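Just below is one structure, and these are the notes that go with it.
Order of writing sets the chain letters: A, B, C, D, E and F. Residues in each chain are counted from 1.
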Amino acid sequence: MNQTIYFEDYELNSVRETHGRTITEADFVIHAGHSGDFFPHHLDAEFARSTPFGQRIAHGTMTFTIGIGLTAGAINPVAFTYGYDRLRFPKPVFIGDTIHTRITISNKEPDPKRANMGRVTEKVEVLNQKGECVLACDHVLLVQRRAG
Amino acid sequence: MNQTIYFEDYELNSVRETHGRTITEADFVIHAGHSGDFFPHHLDAEFARSTPFGQRIAHGTMTFTIGIGLTAGAINPVAFTYGYDRLRFPKPVFIGDTIHTRITISNKEPDPKRANMGRVTEKVEVLNQKGECVLACDHVLLVQRRAG
Amino acid sequence: MNQTIYFEDYELNSVRETHGRTITEADFVIHAGHSGDFFPHHLDAEFARSTPFGQRIAHGTMTFTIGIGLTAGAINPVAFTYGYDRLRFPKPVFIGDTIHTRITISNKEPDPKRANMGRVTEKVEVLNQKGECVLACDHVLLVQRRAG
Amino acid sequence: MNQTIYFEDYELNSVRETHGRTITEADFVIHAGHSGDFFPHHLDAEFARSTPFGQRIAHGTMTFTIGIGLTAGAINPVAFTYGYDRLRFPKPVFIGDTIHTRITISNKEPDPKRANMGRVTEKVEVLNQKGECVLACDHVLLVQRRAG
Amino acid sequence: MNQTIYFEDYELNSVRETHGRTITEADFVIHAGHSGDFFPHHLDAEFARSTPFGQRIAHGTMTFTIGIGLTAGAINPVAFTYGYDRLRFPKPVFIGDTIHTRITISNKEPDPKRANMGRVTEKVEVLNQKGECVLACDHVLLVQRRAG
Amino acid sequence: MNQTIYFEDYELNSVRETHGRTITEADFVIHAGHSGDFFPHHLDAEFARSTPFGQRIAHGTMTFTIGIGLTAGAINPVAFTYGYDRLRFPKPVFIGDTIHTRITISNKEPDPKRANMGRVTEKVEVLNQKGECVLACDHVLLVQRRAG
């Protein structure tokens, strides 16, 4: 489950896709309980009927948590999360939707401060069962360069 | 628990701070189970001893989930999340740390596409019990303008 | 989220209502696991079909936990729970019901033992989406009087 | 696990005691997530240090949930909960306390409305590892009388 | 809840059956989160539609956990689990199935190493609402003999 | 995350080891709530002090669930669980232990009923941080043979 990939080995425009996961009403309840956010948009089916979506919608923090969690397969011991940019939620996630994550290597550049490292940008897209994008962001990694 | 605040009413540089929450080993376990990320950095105390931090560190997605969740007090029915920018994790969160969130209104501008709305940026800082910032990001909101 | 209300400031017959929350099958499962009560009335759909209700019904302790939890918005630092009286469950809660809580200030009286405090009674009613009362009780608070 | 006990068979002053259960930090976190009550008295160790108790205290609704849950062993198919009276929390429950429940049959009387039933009162005491009472209430049951 | 049964008192071919429990989508989610097994056979409704079962199936470890858990009523302080043999899953468990467990005392024999103990085999069958066996195994117990 | 391995490709005596996971008090609580087994051996620290182990011990079903769960990395689409044999718990698991799983291919044989399949036995050993075996069993798989 460890897979070392150095900066030089990331291939621009390469793509990987994860398995899917159906987002259940139980996930909504668990995420409310974990985050402490019990807003009726997420948990009150009666209220939600009166909104433009007509039903409960997932917390953005849950789509992020599960969407990123789906990518946690192999560990790259020479890569570290620097941060996330431009996190957006173009479509809502509903109870019963099945999401998976597509990662595209969208950028590589030297790290301005660390000569032995580079920055790799993963374009993250979380997609539902219709292929619609429900979350997009850029995941910026710091990755070691090969020695010497 | 509903508190309507229009675009015009957001005051630049105003600050609010939430209550605190102690991040427990249980939260680590629950977040792993919710996200599906069981990486040993978060869940294996033996492995973690060998890392620079010397102990298990929180998932970034958990710090985000709980840090944002702490702000979910009153609902502003005329505000909507547009997205999050420049999400960074300057310091790790350890088991037993107590975090709270500070929100500063850091920017206001017209929405380029919607005349009846404006964009409000909340600078989000999640702070631990030592006052160190463990998560920073910009939360961009779309907020209705007062009618007429 | 802190809101100081002294004994003198509680207004008899004033009413507040909380947001709603849909009680899900997941809540039934979580409550069984938390309480240790796995009685088939709550968890066995086949058995429940043979009961007068025809379906699984919520644990009374869950309706109490969530009904009271819904009221945990602002903290009054000068009020303390003394206890609960006449806790009743006039109607069952089913999977999919949406409940919210109505609080009415129903009594105020001096505290017999503490000159600097008074007793405030909140009549608690947990209501379902049809407006039926599924839990009623009196929540008795000890509240500080204004100094002097 | 079914044990039929008719009204006539409840023996006044008889006592039963349950097994014990250690209340963990995980239970605090799970109860907050289930109830939606994230007040710092229960979840913020830093804040709790400044209170008279010096540490986090359990939600009253959790002590009730687990204290009553401990009694859910055998099912009496001819008994039904009527309600709970005089629910009090004489002492706080701290993380690491071990509680169990003692039930004493404290009253029996005819049901005023139903000739075929009687009312049985169980005095409920939840006790910690020092033998201190942390929750007391009267659990009122409606119990069928033997036919004929 | 304690019920002492010595080796001599186990009656060959005697049978006991537990209450039932409906296996919910929430149980699937909780078990994935507890075990760390997020395989799409259990959690991805879209993928599952393409399998021979046509829907998500329970983790074998969950059927084992809940099937055995259902038998945890009375404690026999003189019996200890030695192990489980021939654990099989003849049929899948689907969301919404209601299972219960049937225990048959299928074998008794002296313990080869401990003169004061015997081995008791419980044939464990977990059955769904149609009476189909979804899990079978032999639970081997070490049980004290009566003194003298 | 899919990795097809045919019967012919399993190499006798080959070994793989998983990452580790620290078993927390939270896991004990979650497993009790999931299984419905609240026996004091697992959840009552006071009682456990009086046992030979001197502390709470993990449910066998939890060690099985997590020990097997740790192996759920890549999916082999041509392999299916047939069952588990000789499941034993040579040592207890305590709160704070860190376990990982070692899988050894210990047997390969033709399937007696299915010409296109073979049986592969994985010897499963769950080991704690001292290298002690806390669970052992044989996991029997049915695996497709290469076509032709």
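Here is the rule we use: a contact is a pair of C-beta atoms (placed from the backbone, for glycine too) under 8 Å apart; a residue touches a chain by one contact, two chains touch by 3 or more.
This structure is a prediction, so every number in the text was calculated from the model and none was measured.
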Both-way neighbours, i.e. chains that touch subunit F and touch subunit B: A, C, D, E
Between A-F and A-E, flag the pair that has more C-beta pairs in contact. A-E
Regarding the subunit B and subunit D pair, does the interface count as same (over half of residue numbers shared) or different (under half shared)? different
Farthest-lying chain, centroid of Cα atoms versus that of subunit E: B
So the centre of each chain is just the mean of its C-alpha atoms; given that, what is the distance between subunit D and subunit E in Å? 30
Rounded to the nearest whole Å, what is the centre-to-centre distance of subunit D and subunit F, using the mean of the C-alpha atoms as each centre? 38
I'd like to verify one number: the distance from the centre of subunit B to the centre of subunit E, where each centre is the average of its C-alpha atoms, in whole angstrom. 43
Subunit D residues touching 2+ other chains are 19, 21, 24-27, 29-30, 33-34, 36, 38-40, 75
In the complex of these two chains, what residues of subunit D are touching subunit A? 30, 32-34, 36, 38
Seen from subunit B, its contact residues with subunit C in the complex are 1, 18-19, 73, 75
So, in the complex, the side of subunit A touching subunit C is made of residues 24-26, 28-30, 33, 38-40, 43-47, 56
Which bits of subunit A are touching subunit E when the two form their complex? 19-22, 24-27, 29-30, 96, 98, 129
For subunit B, which residues are in contact with subunit A within the complex? 21, 27, 30-31, 34-40, 60-62, 64-66, 68-70, 72, 75, 81-89
